[in-house]
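Following are the structures in question.
The same subunit A turns up in both complexes below, where it pairs with subunit B and then with subunit C.
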Partner chain A sequence: MIMQKWTRSGDFLRFCCKSLTYLRSKENNSVYSSVSGFVHGYESKSKLFEPNDGNHNIELQHRCSGRNLGMQQQYRCFGSSSASKIQRNPLFSSLDAKDISYFKEILGEKNVIEDEERLETANTDWMHKYKGSSKLMLLPKNTEEVSQILQYCDSRRLAVVPQGGNTGLVGGSVPVFDEVIVNVGLMNKVLAFDEVSGVLVCEAGCILENLATFLKPKGFIMPLDLGAKGSCHIGGNVSTNAGGLRLIRYGSLHGTVLGLEAVTANGNVLDMLGTLRKDNTGYDLKHLFIGSEGSLGIVTKVSILTQPKLSSVNLAFLACKDYLCCQKLLVEAKRNLGEILSAFEFLDNNSMDLVLNNLVGVRNPVSSSENFYILIETTGSDETYGREKLEAFLLKAFEKGLVSDGVIAQDINQASSFWHIREGITEALQKAGAFYKYDLSLPVEEIYNIVNDLRGRLGDLANVMGYGHLGDGNLHLNISVKDYNDELLGLIEPYIYEWTSKHRGSISAEHGLGVMKANEIFYSKSPETVALMVSIKKLLDPKGILNPYKVLPRSLISDDH
Partner chain B sequence: MIMQKWTRSGDFLRFCCKSLTYLRSKENNSVYSSVSGFVHGYESKSKLFEPNDGNHNIELQHRCSGRNLGMQQQYRCFGSSSASKIQRNPLFSSLDAKDISYFKEILGEKNVIEDEERLETANTDWMHKYKGSSKLMLLPKNTEEVSQILQYCDSRRLAVVPQGGNTGLVGGSVPVFDEVIVNVGLMNKVLAFDEVSGVLVCEAGCILENLATFLKPKGFIMPLDLGAKGSCHIGGNVSTNAGGLRLIRYGSLHGTVLGLEAVTANGNVLDMLGTLRKDNTGYDLKHLFIGSEGSLGIVTKVSILTQPKLSSVNLAFLACKDYLCCQKLLVEAKRNLGEILSAFEFLDNNSMDLVLNNLVGVRNPVSSSENFYILIETTGSDETYGREKLEAFLLKAFEKGLVSDGVIAQDINQASSFWHIREGITEALQKAGAFYKYDLSLPVEEIYNIVNDLRGRLGDLANVMGYGHLGDGNLHLNISVKDYNDELLGLIEPYIYEWTSKHRGSISAEHGLGVMKANEIFYSKSPETVALMVSIKKLLDPKGILNPYKVLPRSLISDDH
Partner chain C sequence: MKILVAVKRVVDYAVKIRVKPDKTGVDTQNVKMSMNPFCEIALEEALRIKEAGFAKEVIAVSIGPSQCVDTLRTGLAMGADRGIHVEANSSFLPLTIAKILKSLAEVENPGLIFLGKQAIDDDCNQTGQMVAALLGWPQATFASKVVLDKDKNVATVDREVDGGLETLSVDLPAVITTDLRLNQPRYATLPNIMKAKSKPIKKMTVQDLKVDIKSDIEILEVTEPPKRKSGVIVSSVDELIDKLKNEAHVV
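On to the complex of A and B.
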């Protein structure tokens, strides 16, 4: 609709695309937060976990049939073939009264949680896909307490699951059996902020959004932004090497995290909490803890490079007729928007329809239905320049035929509604019924081939949707189905993993392996590197107590542990 | 001079600051290269190492008195207290004729170097500060040959020093005693380049400048740029976690290196050569090899994210009356130049005088002598915008009194001459005589305090100079002295290390520890983290053959090795 005018008149912009200073976290953070919290169901989390929340609970029982069988316990989790049939490691001890007494002694009564309702929440992931049966959650207040807990658990060989906001997508942050949950939520203090360097030092339990709020009046932003920001902890972000929406601009946490403090399995505190951009003194060990999903240690403090908040943010919602256009548009955007490009997201028409059909009050910003939709966000320090640059870029893209329709958000509400479409896909998926969820990295030119191939393979059995962080080569591949069904799952897995492996992609771009994909690591990593990972795991956690059954193939770990 | 007009007239820019599209690597790479090559003496390297190059050789003999005493050999290196008095590890074997035959068999005659002149060069670092006595250099052509070499050396317990362009500054790339030199210079092929993602995959022996040249016609640049680019190898850059001039913009190699292939001590080839921006499948082991200075493995292939070449580059040379102004200017630049800031370098007046007095044809771009000088470079995709933004920023800075004088380069030659001052300091230092060189990371507000303190401490005994990458908090602290002198060195070390440690700085920002600072690691790292580094070293290299005597404290390694 709007784009049609672009060919006719140079002054279309005055007419239809009013400027937007889309101050995502400056002016109207609350709008954005509510969107993102909502998307991943965080706002309604307590409701989701209500014992009487009928439908959800039926599904929960249907999906997760983990039963407490003591040492012979068997774990079963619907929705992922690979997490099935895990045996509890018989070498792990079981909790006894003396253990509880000890923990109460060091942490105080109120931070040793045995309450069933709170444990129910802590045992279950937010998707209701994974469920453990832990009888104990510990809430340490500082590093020393984490150290004492781990030292004790290591000596008793009690298994431990480190937990932050419990917003993971691969069952990494909930127990598989009866592991002791160590939740760092009480360790939520900002320890230092340097306005010259922009370096923030804080405890691991700080909620990402709270850090953003802390930085806002100082004129800085966090280098990462996620849909889950209202619940996720910075320690969990680091432990899972969270990606998110700003990676295209500010890079991964391996680049922006400057230092860490972590406690290893035996209670040893590793002070790697540097605040320097450059430090070449020995091996940079903090990287071992970034993305190892709590299996090598519990991150207790984080030092991170924040970014100056730039005042001019613009957002365009575009329609493209085919995937090649999306791909070409990305190359052009990288080159021509260069230093101001801050997000490049895509969704296909199936994803759009899913959102339109399942979320209330959402409408397609462009008038006509197309095969693909793109969100381009720019962030810069000059409002006029940023807007004009984006407009000129879009006009050229339209003239070249890369874009068939599109609109630039005119105010914060419009921008928010654009983002709501992209971020609302997960929620819409949940509302639509059963689903399988994959998170793949692939060469950009291959990204949509797997969607098409899978669509052909599953036919009418499922609705296959592709969306994600195109700028980073990250596809979120979702499959909406009528019911969970092992036969159908057999058509999906290992097909998706094999396809990804063949194209040298990653079977987990940003979600991690957790319990869902621990055994699938060889699709993305060579045997030699996995063997070295196992050696490092055994070096740092010889008794295997930290986040067991996850990240690494269970057969390689359980032999000796 | 020029800046005075800034207060008087809004149109000063037309008068004195003509626009510059300083296409550093696009239009006139050769100018820039010759500057940078020259700075670090790479262009004249062969001359420097000529046996009859009188002065240099006298100095070499004076500085390095390493003598081959077989198993009782003692290493002595002038100019750094900590590298002195190293004992050769008696557990290492010595080369015999069978070893040479084996290497000739697998590599071919011509890639097994026993020629004295070539070994003389390979045994000596470019500063002539460190000198080993290796009798053998091997030139593998591919990963398989590197693997065969290491497998053999490990089984025979022959020590190995991995070598790239040998441009290091801490004696990390030359043998200490008779280690076999494995130089990867023949492994210099570009393997793949993806114009969509910008990901480059190449062998470790590619010279950084050659990679830049390869990328130029494709419209991309390397994410790092160093004075040594005409000689240094990408494998060496990765192994030392090289920083350089673009770190402020594109971040460290931990963020931009996407994948590696490395061979561990026993010949095991680790394929971690991913080309994806996001890959959370298990521990990200490549980071162990980034910055571990060849002590955990030899990097054989690199996958790195290159950046689109942006067309508009501007460079300003500014004078500031005190350090506080420099610091404030940095904060303002980060905030106001935001997305186009690509370099923020500083030098003090002593550094400027050193360059003016020792390099031919250099003049101070600003008319009056000041206490500090700043180079600000911007890089963006729009020529007019970039120039106007920089000019407006400088005008404001001048009005605020942060800048007392300054000029924007008007053409490539002028820009080149500005960079020559900053990059010429090392060369000028060498010409001035003996020197001690330190590379520190400190909180920006502390950076110049150490220079002043040291100046007070040394008085007339030395000329203390500070310069470096202010934008990254990286100070290059140089001390020019009449003669090398142990008493004077005793005043410098450990004072500098203690000072740095007290302020939680790093005693090596970007140069690494090498042989120079291996024993000083505790000034920047805690005992627990060093202990873990030692465990990892022993896990990956149980016989300790890879780059011995370096990176980690010798007392912790030699006990068991």
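On to the complex of A and C.
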């Protein structure tokens, strides 16, 4: 049999990692960024790159002038556009030979990486947008080593970037300057699995797909699934509160993570590795480490509630003539397929065309092109029941005119090829050239308005595409362009953020803030809330060594030192 | 002209096969079952021939337990006009299946019988050939291209053989078995799934067809292939050569 099962984008990510080793690094501690913190594609970078004054300054277009603005001022200055800088925090020390020999002593020679090629990969994010210039990557093998590393870095005031599979999309997992990379990839053991409760306890560096493979013969699945599963680590998933395809069914990691172990900046090991579903004893501090993107501590172990693998999975690929139909279909699906609904994804025709034009061997499952496509997946315990229920639902939707055409996968191979279209969009974007990527949460009825508004605003300067987890109100807004271009970016940002803020949406639904959106947090959070976040950050990491320049506005973190 | 297409219900291609602990066969409890991919291709070809105006009716046949009706529904949703389910609770080997198909052919009088070249569960690759022999019809196996000539009542079939393509011309009625590259099967669309609901599936038994189901073959044991041992990373060329010589004994 030559038929191939599509393995989703994991292979693609691995491929990317390989290709990264061909990038040549600049011997300089600087990065050219623009409003969003994007590093421009490395080819164009050289021409945009300005000679550096040696102070590790980065020219960064930013709408709020001066880093020294107080929070109130910053909140008010939305929309104004002027320049500001990411500056290497001068209070951070630089590595010296003594540091390296200390690390070699505690980790062993081979887990202290100074090799340029390996550092090149670890310094660059997989989109080639963000690039640091770290000279050192550490590979701890256990919590004790992570603790020793952080204790030392804290005492020496060496900045640290925690890293997992490095599949993030907002530059959160790569250094901005010369931060020491602490990669937990060697901490990849499953520690315990309870076949009664389904609770899995494992180390942070376990690759998501490997955990899925581990669980499969036991009849369980991970409560989350995402395109990068072949590379991403569970520790990174937890630290970024990754969403993905199963969120509609199993909820976010704030619900499915039962406990974790984290190491704070001073090397303290917080054992919160509970396996209980219910535990109301004091503040539930594990939540601070879920989604804080490594800025409060390094997650070293995770206890997560896995779900029984149900035998009957059915998938339909549908065409809808307008966005209103998509919304109505979602409402109907929740009402009529409630207990078996496991995914409700959408993509527009621009996304479909992008995939058809850039990926080999993909065909549109429905015969004629439509404005919108919907994927509905059901998961249940009874094949006949699930299938009949889905069929009956779809036939009714078809008769009502909510769906203009559609197909139901008759075998797993067909299902994989439908998923391939939805999951292949990211890969297709990459092949099509440069792109700007936004990840917004919005009220479902507003989701497509922003796509249309942006299309009107950009005209034929760019191809604007909308797709995402409609069931969760999460839009992936992607803008495919010929080259990265600051003028164009000026049209996109802050427009998108302002639009989202106006509709009380979130400027980061599941990707996180990273370096890209650290300064934009006020679009989704009030000044009082951010002020408390800053206090928590200062409490847990007084010297600010953990994943600096990210998550929280840089001005609020570094100014009073 | 009618076209008869045999469709087999098998463990889905993408499912990892598990052998029953008692080694009597493959575990099919709670396992996703689908239409054999080669049968899907056979059905697709029959439908294309019908759509080109060379045939009036496409009949899908499945032999096996009651869940075979699901496979037939898939066939009907792809576009077959009606289904025949020959109910059987034990799994039959190719000769029995061929005898059943032969007696069905005598009832239905199709101008063509399409089968997949083999089923992905037992990999027998015998049924089509046996049906042709029992009926005394010409056969063209492993078809990668089928062209019908209505006036001359012949089919021209390209078959993939070692080292190239062989082109055969067979008189109708004939038996054709299909290979992977013949076509890309269509998906079951909502309108067609809806239409399929009202298409008839006729239930028959082996007794109705007067087929002797006695088998001359007994399956003694089904076992998994030996597990691959994990590899080792060698640290030098010398070590590699040493291992090739002294452990693998290949140099």
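FYI, the second predicted complex is superposed on the first by the 475 of 561 C-alpha atoms of A that agree within 3 Å, B and C clash if a C-alpha of one lies under 4 Å from a C-alpha of the other, contacts with A are read in each partner's own complex, and residues count from 1 in each chain.
Simple rule for what comes next: contacts are C-beta pairs under 8 Å (C-beta built on N, C-alpha and C of every residue); 3 or more make two chains touch, one makes a residue touch a chain.
In this text, all values refer to a predicted model and were calculated from it rather than measured experimentally.
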item	value
Of subunit B and subunit C, the chain that contacts the larger number of subunit A residues	B
A:S94 touches, of subunit B and subunit C: first, second, both or neither?	neither
Contacts of A:G274 with subunit B and subunit C, given as first, second, both or neither	first
Contacts of A:S441 with subunit B and subunit C, given as first, second, both or neither	first
Partner chain in contact with A:L395 - subunit B first, subunit C second, else both or neither	second
First (subunit B), second (subunit C), both or neither touched by A:P365	second
Contacts of A:N210 with subunit B and subunit C, given as first, second, both or neither	neither
First (subunit B), second (subunit C), both or neither touched by A:D411	second
Touching partner for A:N485 - first (subunit B), second (subunit C), both, neither	neither
Touch list for subunit A against partner subunit C, complex	1-3, 5, 311-313, 317-318, 363, 365-367, 383-384, 387, 391, 394-395, 398, 403, 405-414, 416
Subunit A-facing residues of subunit C, complex	12-15, 30-32, 34-35, 37, 40, 70, 74, 77-78, 120, 180, 184, 187-191, 193-194
Residue numbers on subunit B that touch subunit A, as the complex places them	194-198, 219, 240-241, 243, 247, 251-252, 254-256, 268-272, 274-285, 287-288, 290-292, 296, 308, 310, 327, 330-331, 334-340, 379-382, 385, 389, 441-445, 469, 472-474, 504-513, 517, 521, 523-526, 528-530, 532-533, 535-537, 539-540, 551-552
